[in-house]
């Protein structure tokens, strides 16, 4: 992982406040837990029916019946609980999920999120993404600032089918921390070595820049 | 990481309930009724409450104290059969009572806990329980819209809890408790036994602590929880 | 209990076929189990969250947390299961309840049932009665043929608020076994010592009488 | 009285499934997938099936055999992410696929098991998952009508069962299994262990046998149930 991505993950870990119930999307978001202290009070939720996700396990130590929603073999912690898929999403929809960190194909400056379908190319189904994005109390995106071809993922409006409308509150990228505000994107922090001009060039919508010093991460 | 600790004392847990709150109360008859939490609510005297419970307990116990104190504005219930006080309060107009079919009350609370808007059902069609309810046509049949029921507070009785709020219930003391424990902004649990994290196996947890806000341990099991000799 | 009522209970026990899931209303219906052999395969359901109801227990042997829906202290049997109130009525509404035996204030010759409310006199709420009557695969009523004042309970039409419309298939009384048919009440059996004239006099609707011999119970 | 015995052998249990049946299949990934029942269904070759499952398993296992055999007319699923065969069959038009949000699929099945007509939810509004669905207005907001999903058959994997069909599940192998076990006319369970009546404590039962029709005991846990090394 690049240095900027590592710092993005470490920075995003600060989203997690003590006592939260948190769902971490597959991929980079799951790595934020590596930046939390051992005694940090938090509950990790997995859509397939688990609160209290423990460490990932190597194949030779795995329990064949214990996976997370991404299919990784995980363990329990003291106080873990298993439940069925209906209860799992009851928790999501009823406001008990304080935070979700999700990946994205596109995020619009009004908080729209597209992260499940690229028509004609990638359409495996949304799984639980729509409910996570639509109902978590706080929806935060973690993504590279641009796609593999260098095109911006932070846009004026999403071009892909939506996952949820107007729900993204904040975006962590390898270039910046950007909030979604009533006035659109607002820069909060810059990655070390990134200038405002770099950010503007890599972003597909206007970004409000603070007048004061811009913190770095 | 470790799971958060939600243990609290009884007065502070109940003090968070404001006047006018809608309160879900577990229990079917004696089993599963959170008598200790209810007694503290009677002592603190919050008023203008809307209570949701399967039944009205019996005279002299449980929510009957709250009804007797005039703390209850409205009761949503499936039957009052064993509590003559509650029936009298209803008949005199002192207590507003809304009756709901038992399984539909369970489903409405569950729908609240599941973040749904409503369920559609034919239960109660052709009866007076359908009066005044919204109808939707589905595949040519009329269905009643039964709105999700979510509350400000749920008062839950569990047999066993850990500090995170993972719960286990005893026998038929389960009843409405696991449903109500999902369906309130503030879920307060009294537990007969509090075990450390890990003291409940993950398979044995009947309500995940992710739904629970406060856990209080009962220091004594008072007479109200005991056998009723009728 | 009068002899005729005892025979009614014994006769009604024959409603229960091997393998059934059965809910027995409070009062007389619960007594049909006394007429089943010890190894008879059946599952008794209690609305408050129990399949596999065992024997009633005296106070000194009771478990304070184990009651049936009528509030009686009961026991479990090998294979009993506890569940919540939503699951309990899921079972009722989804067609898994093969039979319910209920009491009645009134039964009409079209199968309408009234058994929960007498306006101005008795209105404690229906509890689970509406779902049992509306959704059990077979709804059978067990009742005295007349009320305490001698007025018929089997009527042309119910006068009290309905529990369910057109759902009663059969009625067991202390005078007769009566089926509800598309043509109204049809006599199937008579209690010992009851004549067709007795029955007609005690019934508030026409009763079709078989041409063949009428069995007695 | 004793509780009825529902044990049966695998071929007879599966032989009761007709062509054209709608079949609920438990599992989320490998855990909870009834591989042995599915393999027998592939062997017997019933056709024109509608399958309902969280996912399409992976290539070469579980329902992928049925898709590969051309036994599946339609698949109702939340995602196909790990099965390139299923995606190819969908893209070629050989397989009709209906996508459902994961928790809404769970709720639709649960509603079927609970004898409800539908649930009302705002999940999927503003997305293409709302296309073509009935809308109902509730308190000024538009809600989608998501109809209950009930099936002819459910194929369930349990860790433990008794002859009446009381079930317990292992860890995250629970997932859709308890919901599907309520929602079919014929519920067929494969269990890793069959214990006598009374071998499961009443509190430990996660699905009451009252919902179950047939119980088969697995004589071996084949490789498909094991760890997948990717």
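Order as written gives the chain letters A, B, C and D; numbering starts at 1 within each chain.
Definition applied: a contact is a pair of C-beta atoms (placed from the backbone, for glycine too) under 8 Å apart; a residue touches a chain by one contact, two chains touch by 3 or more.
Note that the structure is a prediction, hence the values are computed from the model and not measured.
S.K.: Taking each chain's centre as the mean of its Cα atoms, which chain lies farthest from subunit C?
M.R.: That would be chain A.
S.K.: Averaging only over C-alpha atoms, locate the centres of subunit A and subunit D and give their separation in whole Å.
M.R.: Going by mean C-alpha positions, subunit A sits 30 Å from subunit D.
S.K.: Could you please state the distance in Å, as a whole number, between where the Cα atoms of subunit A are centred and where those of subunit B are centred?
M.R.: 35
S.K.: Touching at least two other chains at once: which residues of subunit B meet that condition?
M.R.: Residue numbers touching two or more other chains: 107, 110, 114-116, 121-122, 169-171, 202-203.
S.K.: Counting only residues that touch at least two other chains, what does the list for subunit C look like?
M.R.: Touching at least two other chains: 50, 82-83, 86, 89-90, 92-93, 135.
S.K.: Among line, ring, star, complete and other, which best matches the way these chains touch?
M.R.: other
S.K.: Would you mind giving me the full set of chain pairs in touch?
M.R.: Listed by label, chains in contact pair as A-B, A-D, B-C, B-D, C-D.
S.K.: Using the touch definition up top, name the residues of subunit B that touch subunit C in the complex.
M.R.: 28-32, 54, 77-82, 87, 97, 99, 101-107, 109-110, 121-124, 126-129, 159, 169-179, 225-230
S.K.: Would you tell me which residues of subunit D are touching subunit C in their complex?
M.R.: Listed in rising order, the residues are 1-5, 110, 112-116, 150, 162-164, 166, 182-183, 185, 196-198, 200, 202-203, 205, 208-211.
S.K.: Which residues, counting only subunit B, touch subunit D once they are in their complex?
M.R.: Per the touch definition, subunit B meets subunit D at residues 107, 111, 114-122, 134, 136, 138, 141, 143, 145, 147, 168-171, 202-204.
S.K.: Using the touch rule from the top, collect the residues of subunit A that touch subunit D in their complex.
M.R.: Residues 46-50, 59, 62-69, 71, 73, 82-86, 88-90, 92-93, 117, 123-128, 130-131, 134-135, 161-165.
S.K.: Which residues of subunit A touch subunit B in the complex?
M.R.: Residues in contact with subunit B: 18-19, 21, 33, 36, 38-45, 50-52, 76-83, 86-87, 89-96, 135.
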